[in-house]
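Sharing a structure below in structure tokens format, with a few things to ask.
Per-chain numbering from 1; labels A, B and C assigned in written order.
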Amino acid sequence: MKRILVMIILISSVALYTFANGSQETAAKAATSYDFQFWFAGTDGIETEYWQTFFEDFFADKDDMTFSITGVPWSDFATKLNVAFASGTAPDLVHYPIASISQRASMGQFMPLDKYYNNWDGKEDYLENLYNLGEYQGQLYGLVTFTDPRVLVWRKDLFEESGLDPEVPPANWKELEEYALKLTKKQNGQTVRGGFQIPFQNSNQMVQIFALQNGGSLIDDKGTTPTFDSIEVMEAAEYLQNLVQAGVSLPWDQLTGDQFNPFPQGKVAMSYDSPQAYRNLLKNHPELEGKIGVRAPLSNTDEGTFCGARLLYISSETERPDLAWDVIEKAMSTEEALKRYELFFAPVNRTSLLEDYIADDPELNTATIAAIQVGEGIAKVPWFSLLNRSVSNAMERAFYGEDVRIVFPEEAEKLRDELKDFQSN
Amino acid sequence: MSTRKIPLPEIIAFFIVALVAILMFLPFLLTISTSLKTMAEVESPEFRLIPESFQWQNYADAMASGNWSRYFMNSLLITSITVCLSLIFNSLAGFSFARFTFPGRGVLFYLILIGLMVPEQVTLIPLFKMMSNFPLFGGNNILGQGGTGLINSRLGLIIPYLAAPFGIFLCRQFYLGFPKAIDDAASIDGASKWRLYAQIYIPSSGPVLAALGVLKTTHTWNNYLWPLILINSDEMYTVQLGLTKFRTAYGVEWNLLMAATILVVLPLLVIFLLAQKHFVSGVVTSGVKG
Amino acid sequence: MTKQKSKHHRLDTTPYFMLAPGYLIYFIFIMVPVFYGIYYSFTNYAFYGKPGFVGFSNYRYLLKDSLFIKSIGNTVVYTVFTVIPQMVLGLFIANALNKSFRTKSIWRGMIYMPNVTSMVAVSMIWLWLFDPASGFLNMVLRSIGQSGIDWLYNPDTAMPCIIVVGVWKVVGYNMIIYLAGLQAVPQSLYEVAQIDGAGSVRQFFSITLPLLKPTTFFLLVMNTIQSFQVFEQVSIMTNGGPLNTTTTIVHQIYTRAFLDFKMGYASSMAVILLFVIATATFLNFKFGGDTSDVD
């Protein structure tokens, strides 16, 4: 017994020693040069490879420096980034969705990029709406590499089945409702095939899309207070509520992801989705080629849709901001934009590339660009997560039977109350 | 051993156990089935338990998605060191709590439980800061300044898990059940407390060490959040971090994820089956006799 | 006691040395962060910059936070309905698999499986089992002529589903601990009972159960502590919905800390959770019958 104990301790201490040495070696390497840290949202092979090649290329002529890239799962990026900023170990450059831009910019985690941007020769060519996506309170914090707008997608085969023209999607809200009802199939009063997909839970994105199309907004222009109890937003919410209560949608929580999204499963005929999700669908289901239609989003009184994006941000803790900007410039170049289109079908971000981009796939890419031009990202207020929850909550309560005109003002009032504490706290 | 007729309650018990076992196993069966499907079949609205055609290729594809031999090696090293050391530390502390009276024992014991009551989400940040300021490692000086400490090191994945309140508590409870006659017999022999622990208690601790070992192995092997926060480079990845490779921006490659999940679970299952006979080795009586 | 003391004139330090390695690591890496958490609860810490002291205002706001109050109720319901079934099932299975049939190692392995499989992969299977449109459960229901249930999308059934997954996950672990505990029951007692003509059911209640008291107590305390911190399956399967019927305390802590950046406020929730769990643990110790007395 004793011998076993001694052996275990011995082996463990040797192993511990080896580990410790390993980490000291890497640290020593870092001390002699600058180790440039880059974190990006996403862990899949193609994307990791893209950034690896990109940085190898960038640092090829910089012998005194090294780089490390770290891919982080989407769902856990916020946690990892928060811990890193809290402990002073944040990376130099971050590739991350718009989501928390307002929180991080207002706390000073990201660096304003205006002085670089204004001297950038690609400025004139940068797609117009993209500047707005990376802007917060008059300053630019990030440049867009990937855009992810919501476009209207529909199943042509299911349209034919229901006697609708597969090439002509609904043109406005009224037609959307008619089509959705026509495409819905029920058995014993239960929907077995939906007409138009509306998420039951975490539906804030859908509310935002329809609010925009109705000329409404979830927050006021100055970004100081929620306005989702305005008449425009409530009309949009009532429209969605009617559709859901008529049974045109199947239960789905937007946050559980595409795995359970009924549209790719062929259980719903129409949906708002991203061009990327559409590509992904065709990759997994080659038999659907030619059976899916894509159009720019509808409008009721206004044009509008949701547009997600991923941006490059420079951490305010970096010791080499100029170097980080050089990386951004390279990432924004025409060659890289084209490469990203080839690899991931990422929509281009330069005006000079639009023509070729649209020519490559007219139906999808026209719709995509149209959506990007009118797209709005997540509300740019430091309390966006509270806003999303309040809107989703209000919508959910309406779907479960409460009156929109009561729940929306109620949730908005509750949020305003909370914000008073939030800001004073 | 006399042969006996199996009584009715035991037959009923068997059927209940079998039923529960099958229900418990069902989700795993579905995992296996998913791991052998194509993505199109995974997403298809019609469900089949037996895949249309067996996609064994999924397993090869999953393992080609990253440097898996390295992930397994890292997890193996981290887990074996954590488990070995924590078994010693925990059983020693549990033994001390269970068998001796000393001033402060009660307070020290209840303090152990407090550590269990605060969720990881809150203690994550202070712990991480301590790791980055760990003296003398990762280029840090003796005051813990100047370098990155234990961030992005395997040692940082081990140290915080060496002493689990859970293990100390479990060992204490187990030793409380030991007949006190053992101690008396030993004290007549004039055995010191250390020898009592090493020569009498440890040899009789098969079941508890096996149970704790299995649970600790599972926990360390499956730890996700802490490695995710602490580790930045692929060469330090554990198997659980490797599993994130199948999540893309627009969904998850479920078939590959499931295939990799099964391969990741296999070592745990082997450990469990190996440890089984120790859970059920009659112990205390032999301790008394010896 | 007195006899012992008179025998040792000086304080015997050996027990402290035995505690030292485990305890020091515990104190530094678990306890100190807990103290930090308590300190954060009196600040407006937001991950960045210096935490500013705000006194009790986080706690005052907690009283107004209807969602937090709701989450406490949900957590208590979850705890009550998982702790009892998982212990009863765990004990029953461990007892059955301790002696009777030959194939027991396979059954044990099957029951332990849920505990080893990582939740991320398995959650997908559960989501799919519960999926209203194409899920397995509704397929079964429809095949016997019933109409489907919305499971995770129905405010009445969502929490029960979360509870089922919770029990499913930990029965194997309860079984293992009970198996280890059962080994401390001397075989000779059963032999005596058999001679007296006691059936296996009576043996279980008069011998096994009383002798398993330390194990049962351990599991009761640990399961309660762990159930109060339920988070994983909630965050993966329902995100607290529908209509916040499944949001739990730790889910609220996570949301407030990592989505709203209100670490200070989230820490005050954690302190309340600490008090709730400590109270439950205290009650367990008081009425669960801890046999901590050595003499």
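We take it that a contact is a pair of C-beta atoms (placed from the backbone, for glycine too) under 8 Å apart; a residue touches a chain by one contact, two chains touch by 3 or more.
Computed from a predicted model, the values in this text were never measured in an experiment.
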Measuring between mean CA coordinates, which chain is farthest from subunit B?
A
The larger set of C-beta contacts, choosing between B-C and A-C, lies at B-C
Between the Cα centroids of subunit A and subunit C the separation in whole angstrom comes to 35
Between subunit B and subunit C, what is the separation of their C-alpha centroids in Å?
16
Residue numbers in subunit A touching two or more further chains are 79, 82-83, 86, 259, 265, 267
Would you mind listing the residues of subunit B that make contact with two or more other chains?
45, 88, 124-125, 252, 254
Of all residues in subunit C, the ones touching two or more other chains
47, 124, 128, 133-134, 257-258, 263
In the complex formed with subunit B, which residues of subunit A make contact?
1-2, 5, 8-9, 11-12, 15-16, 19-20, 22-24, 26-28, 30-31, 37, 39, 41-45, 47, 68, 70, 72-76, 79-80, 82-83, 86-89, 257-259, 264-267, 274, 276-277, 280, 284-287
Residue set of subunit B touching subunit A in the complex reads 39-40, 43-45, 65-66, 77, 81, 84-85, 88, 124-125, 128-129, 132, 137-139, 147-148, 150-155, 158, 198-199, 202-203, 225, 228-229, 232-233, 244-254
Can you list the subunit A residues touching subunit C in their complex?
78-79, 82-83, 85-86, 100, 103, 107-109, 188-190, 192, 200-202, 250-251, 253, 255-256, 259-260, 262, 265, 267, 382-383, 385-386, 389, 393, 396-397, 400, 421-422, 425
Along subunit C, where are the residues that touch subunit B in the complex?
1, 4, 11-12, 14-16, 18-19, 21-26, 28-34, 36-37, 40, 47, 89, 92-93, 95-98, 100-101, 105, 107-118, 120-122, 124-126, 128-129, 133-134, 136, 139, 168, 171-173, 176-177, 179-184, 186-188, 199-201, 211, 214-215, 217-218, 221-222, 225, 228-229, 231, 250, 253-254, 257-258, 263, 266-267, 270, 273-274, 277-278, 281, 291-292, 294-295
Touching residues on subunit C, where the partner in the complex is subunit A
44, 46-49, 54, 57-58, 61, 124, 127-128, 131-134, 147-148, 150, 152-153, 155, 237-239, 241-244, 255, 257-265
